[in-house]
Amino acid sequence: MDAIFLQLLNGLDKGGAYALIALGLTLVFGTLGVVNFAHGALFMLGAFCAVTFNKLLSLEKVVVDETQQTAWGTPLEVRTPYIESWFGEFGSFLLNYSVPVSILIAIPVMLLIGIVMERGLIKHFYKRPHADQILVTFGLAIVLQEVIKHYFGANPIPQAAPAAVAGSADIGAWLGLGDGLVYPWWRLVYFGFSAFVIAAVFAFLQFTTYGMVVRAGMRDSETVGLLGINIQKRFTVVFGIAAVVAGLAGVMYTPILPPDYHMGMDFLVLSFVVVVVGGMGSLPGAVLAGFLLGILQSFASMNAVMSIFPGINQIIIYLVAVVILLTMPRGLLGREGVMEE
Amino acid sequence: MKQMLNREPFALAAFSLVILLMPIWLTPFGANYPDLLQKFAIFAIFAMGFNILFGLTGYLSFGHAAFLGVGSYAAVWSFKLFTMNVLPAIVFGVAFAGIFALAIGYVSLRRSGIYFSILTLAFAQMSYNLAYSVLTPITNGETGLQLTLQDPRIIDNAFSTPGAGLPETNLFGIDMSGYPGFYFCAVVLIICFFITRRIFNSPFGLTLRGVKSNQNRMGYTGINTRPYTLAAFVISGMFAGLAGSLLAVTDPLAGAERMQWTASGEVVLMTILGGVGTLVGPMLGAWLIKYLENIFSSFNENTLEHFFSFLPEGLQAIAVDVSSLFVGEGWHLTLGVLFMLIVIFLPGGLMEGWRRLLRRFSGGGGGKSEPAVAVQPAE
Amino acid sequence: MVANSVLHVADVHKSFGGLKALSDVDLNVEEGTTHAIIGPNGAGKSTLLNVCVGRIRPDSGHVVFNGEVLDNHTPFEINQLGVSRVFQTPEIFSDLTLLDNVMIPAFASRDGAFSLRPFSKLRHEAAIREEAEKTLADVGLEVMKDREAASLSRGDKRRLELAMCLIQHPKLLLLDEPTAGMSRHDTNRTVDLLKTIKERGMTKVIIEHDMHVVFSLADKISVLAQGRIIASGTPDEIKGNPKVQEAYLGGAH
Amino acid sequence: MSRLTMTRRGLLKAGAASGVALAAPLSFVRGAYAEDFCNMPTGSSVTLGFNVPQSGPYADEGADELRAYQLATKHLNGEGDGGLLNTFSSKALKGNGILGKKVEFVTGDTQTKSDAARASAKRMIEKDGAIMITGGSSSGVAVAVQGLCQEMGVIFMAGLTHSNDTTGKDKRRYGFRHFFNAYQSGLALGPILADELGKDRTAYHLTADYNWGWTQEESIKDATEGLGWQTANAVRTPLGAGDFSQYLTPVLNSGADVLILNHYGKDMVNSLTQAVQFGMREKQVNGKDFQIVVPLFSRLMAQGAGENIKGILGTTNWNWSLQDEGSKAFVKSFGQEYGFPPSQAAQTCYVQALLYADACERAGTFYPPEVIKALEGFEFDGMGNGETLYRAADHQCFKEVLVVKGNENPQSQFDLLEVVKIVPREQVTYDASIFGGDLGPADAKTC
């Protein structure tokens, strides 16, 4: 029973990540009609916002101590982070909370990246065939990836969660479910965060004219033009929001998955599967599919399940995708006529 | 004049000449060694076959590498179980890929557009994941399926005693490694080109293009599109199987990575890069990507210093520094930049560039004329 | 059921959600005649055609074509039985040439719904090409035969679609506003063309708003209003029918 | 019309050329028979092929390997401080290249994929005339390239490969491995685990679901069960799973008190980071402190796990903090060249390059069968791993194995591992026959 409960938590946590990534992808997909293979790269850039911020905070003052030598024969360098020598307590506090604080940096940075991408490149591809969109965004993804690799290397770079939420929460005690039922604080934070961002995006689309553009654009982009709204501007903002959501997903995921330059590609295929299983042109569909796949993936990895179906954990996501797409022609909540050509 | 160029024998002869002369005209590019020449021929077949599906029907399969992988595994098993002769291996490779494609295509073609793409992707990823792990007894997992001295090889061993080392793949005694391997692949490529050209210029091909253009209209025109698309899917799956078995012929090893989504994505990129729906475009795309992968990745600072040695020292250092970002470990960057440049400036891929060149040289009068081998006659 | 009926629509009902698109529709189209269906916008005319070609299944009732009940037929099967259709918004192969556009339906008529001969040569199909060129000439598009269909004007696209249907020599041709968007000159040409076809004995059902076209072509007219057939008869009978004038002609003209 | 004539003339020209083309490769092949063996060096230089991952997850490791090779090339050619040449027990190398020929090198990208690695190796052999191929960062690649090299008659000096298969069931006459293997990890780690953690333990394995993972799981299981440990469960995880939470939660309530992570690279970084997040390092089970063991450690990869590796036990091939003369010389030489200490991958690759060169010198020829003979059964010292034997039966090096622990108080960003024990060579030596396999013939080939 405990095991099932924990797997449900795992599934919700995974699902939160999947849903966040898929949300931005389906916004761009459904509203702008662009197949964005660079979406994974946006997720990765978000994570590297956190890395960069942390690196900036931990810039060190280097004092060369000529009297001592390292094993490889160079003088010993004594390093102290500037931030601590300048701000003392507050400095170490900031360093400790670098991941959540970098959200504040990631929002404007990702918005800017999104806007530049849309204005500079994507905008010219609205009317082009999907094949061209795939090629150009894939090319862009590779370029972004290689730039990050050039500056940060290929190895994962660890990012610590703030000390206050680094440990595990004793969920068993809260719920009276018995001992040993613990769950990492940070994962609970991540789940809450993803739920909050999803809610915020939905609220934004519900209560602003952007929502109208998005909802109308998902049905028929020509009618949007008739609404007399400056669509160009709205499209840019929609793309920017997609970039921010992907970036935030990346920032907050860093303590769970030490980021590296390739992490975007690792999530790319999965996020496409989530979006399509959810149904083209449906935001709630993408969120639903994210959680569904996350939870099923967790349950399929339980030892009891794997002993009956060996290897099921390897293929569960794809198996579920096949079953859903064959029984529901347009995924869970997809609309007719979107990207069926 | 155009009529003249369109004639089938001419196109075929020109194409054969270009392919068979590759060892010569690729020399200045540093690509004239057997392995890369073989890869050029094999991936041209793969991309050409993929284009029969994607270019003609518009159905974008994101799991075509699965058929490549199945072709390779079937071929290597044929080497292991029966004989080192390449013909049975190719027959098995194509047949198994065809059966696999029939099964996956039958199910996936019940959906269209992105839903179809994701279904094919899902099947291919399942094949890859299983081949890497639980199917290891059949696929030898991560290491890849290889020949061993313990293989039964019943047909070969019935006629001769095995030597001390591993046997080589052969075509009735001719070893299929090195240049003979390339010429064998080249001949297969020429045959594939001939077949593809016939398909492009047949009523069947025209019908497939109709499916791409307006599937809805096809129904009200009395055409059952499903068997047509399925036929295209299976044919292109068999091309992939053929390419896979040729990979095994020139180098008897079959690894699971061949089925990964990145491999499926690669053939999609090759096709788009070269020009979707054109006869030779996908082949050019395949060559460009394979060239970058094999040659650009091999440049290191020594090579660059040598290359820029004509510059004065300071300039040389700068040139080496800048260009080293794009070669060696940075070859992916070149790939990405190239993708973007081509799609931005040459919508329609490399073939579009070729067409523009031609138009410029014929003084703008040529209009829509296409190079001899790429013509899809509109007669 | 009338003896020489080609198309018989029997008691067809169809509703979308709460909206009744067709109720109790009963229609007989006799062989060799041109049967016009008129009615105000939203009367259910296009839905009726959609039911006939298998795009929409009726909730109840049947469509019978040449004695065959079409309940479970897909559109391509219905076309193979001899029903072709021109759509309200032209459904053509926009990125193919005009000639290709017309040759595809010709192959469909000759080779059936599916034929796997991937290696036969298009160049050797002289008979079909000749017929395609002739059909294009019939609709006045032969000079543009190598152009891409997307580059045509709206009126030309309609004529192309008509050619795509004509080359199939259908037993029954369904036309959904074949002259909408055409100039007077083109409309007259199209009417003349349709008259020629009539002389060949092809049965037609035509939906049309242009009363000039209707009265110069139709042998019989049915009036559809709010999903019901309120009158059926010869053009003269319809002209004189007060119910029709009230529901349609009176209001519109 | 002018275009047509042009085409016709071009055609004639091309026709004439095609005859040459068809003949050229054949004469090339025929010419090859005049050589003794594939890529026999005829000029004043000899070319080595360095095949390392330059893209993909192991790109940093590959970059370090390449640095080591470049350093080795320098030292072989008599430039720089000579590095390990000064401490190497064999004195055959004189710093004048190999057999008097200057060492040159070509590089390639394995992408950590068998196909790409083989294509890259073939390019170096067929186009660049490499006489030896070395490098790589995974067992799949090592086995694939080793097989190729056997077919082409070119010696392969493996880089980082830890699977038992490389010198077990997939061993090849032309392939040599300096790096240790999973079985040796088990033999080395077992007794230390018993010392540090006690004999009454229950282990839970998470294993990467492919060949290397399985061989390591089996080796470690054998070793720990031999000590009296129980195995609660061994669960296979997909390669590149990213989030391992669904595999980690069952560990918490399984009754196990040791978690063994048979993961490498990114999988190891992720599963370890997440395991620590699940509170496994603070946990108490059966009245004992819960422990995590990572049987194969790599310092470069451990950086990715950050703080989380502190106190975690594992094995490694070599670490820069070793105090023997060879290690000190190598660290100094490498550090002065690049400004930071070398990784274990760098050390293995450097040593492999030197060992090949030395074998050629001792054999007095580049002829592969003779070089193979010189390497088989070769005993040496002074390369940082103590007394070492290149065993003839399986081409596996037998040398000391390091049991290490994540450093609790690192002095620098490179000071991540602390050597717990240097396990002597005798203790990690095993019978070559247990893994089967067949080396195959040493016959020279032409190419």
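Observations, loosely collected:
Every chain is named by a letter (A, B, C and D) in the order it is written, and numbering of its residues begins at 1.
Quick note on the criterion: a residue touches a chain if its C-beta (ideal position, glycine included) is under 8 Å from a C-beta of that chain, and two chains touch if they have at least 3 such contacts.
What you see is a predicted model, and the numbers here were worked out from it, not measured in a lab.
Note on interfaces B-C and B-D: more C-beta pairs are in contact across B-D. Comparing the centres of all chains, each the average of its CA atoms, the largest separation from subunit D belongs to C.
Taking each chain's centre as the mean of its C-alpha atoms, subunit B lies 45 Å from subunit C. Between the Cα centres of subunit B and subunit D there is a gap of 32 Å. Centroid to centroid, with C-alpha atoms defining each point, subunit A and subunit D lie 34 Å apart. The distance from the centre of subunit C to the centre of subunit D, each centre being the mean of the chain's C-alpha atoms, comes to 73 Å.
Shared contact sites, meaning residues of subunit D that touch two or more other chains, fall at 55, 59, 63, 209, 236, 238. Annotation for subunit A: residues 314 touch two or more other chains. Touching two or more other chains at once is no residue of subunit C. You'll find the chains touch as A-B, A-D, B-C, B-D. Subunit B contributes residues 54, 58, 60, 107, 110-115, 117-119, 121-123, 125-126, 129-130, 132-134, 215, 261, 265, 268-269, 272-273, 276, 325, 330, 332-333, 335-340, 342-344, 347 to its touches with subunit A in the complex.
Chain contact summary for the complex, subunit D toward subunit A: residues 55-60, 63, 209, 233, 235-238, 240, 242-243, 245-247, 249-250, 252-253, 266, 269-270, 273-274, 277-279, 282, 300-301, 303-308, 320-321, 328, 331-332, 334-336, 339-341, 412.
Partner subunit C is touched in their complex by these residues of subunit B: 195, 198-199, 201-207, 209-210, 212-214, 216-225, 227-228, 231, 235, 377-379. Interface residues of subunit A, counted against subunit D in their complex, comprise 2-3, 6-7, 9-11, 13-14, 17, 70-74, 149, 153-161, 166-168, 180, 182-184, 186-187, 255-258, 260, 262, 266-267, 297-298, 301-303, 306, 313-314. Across the complex, subunit B meets subunit D through its residues 1, 4, 14, 17, 20-21, 23-24, 30, 32-36, 39, 129, 132-134, 136, 140-144, 146, 148-150, 164-166, 168, 177-179, 182, 247, 251, 253, 255, 257-258, 293-294, 297-298, 300, 302, 328-329, 331-332, 362.
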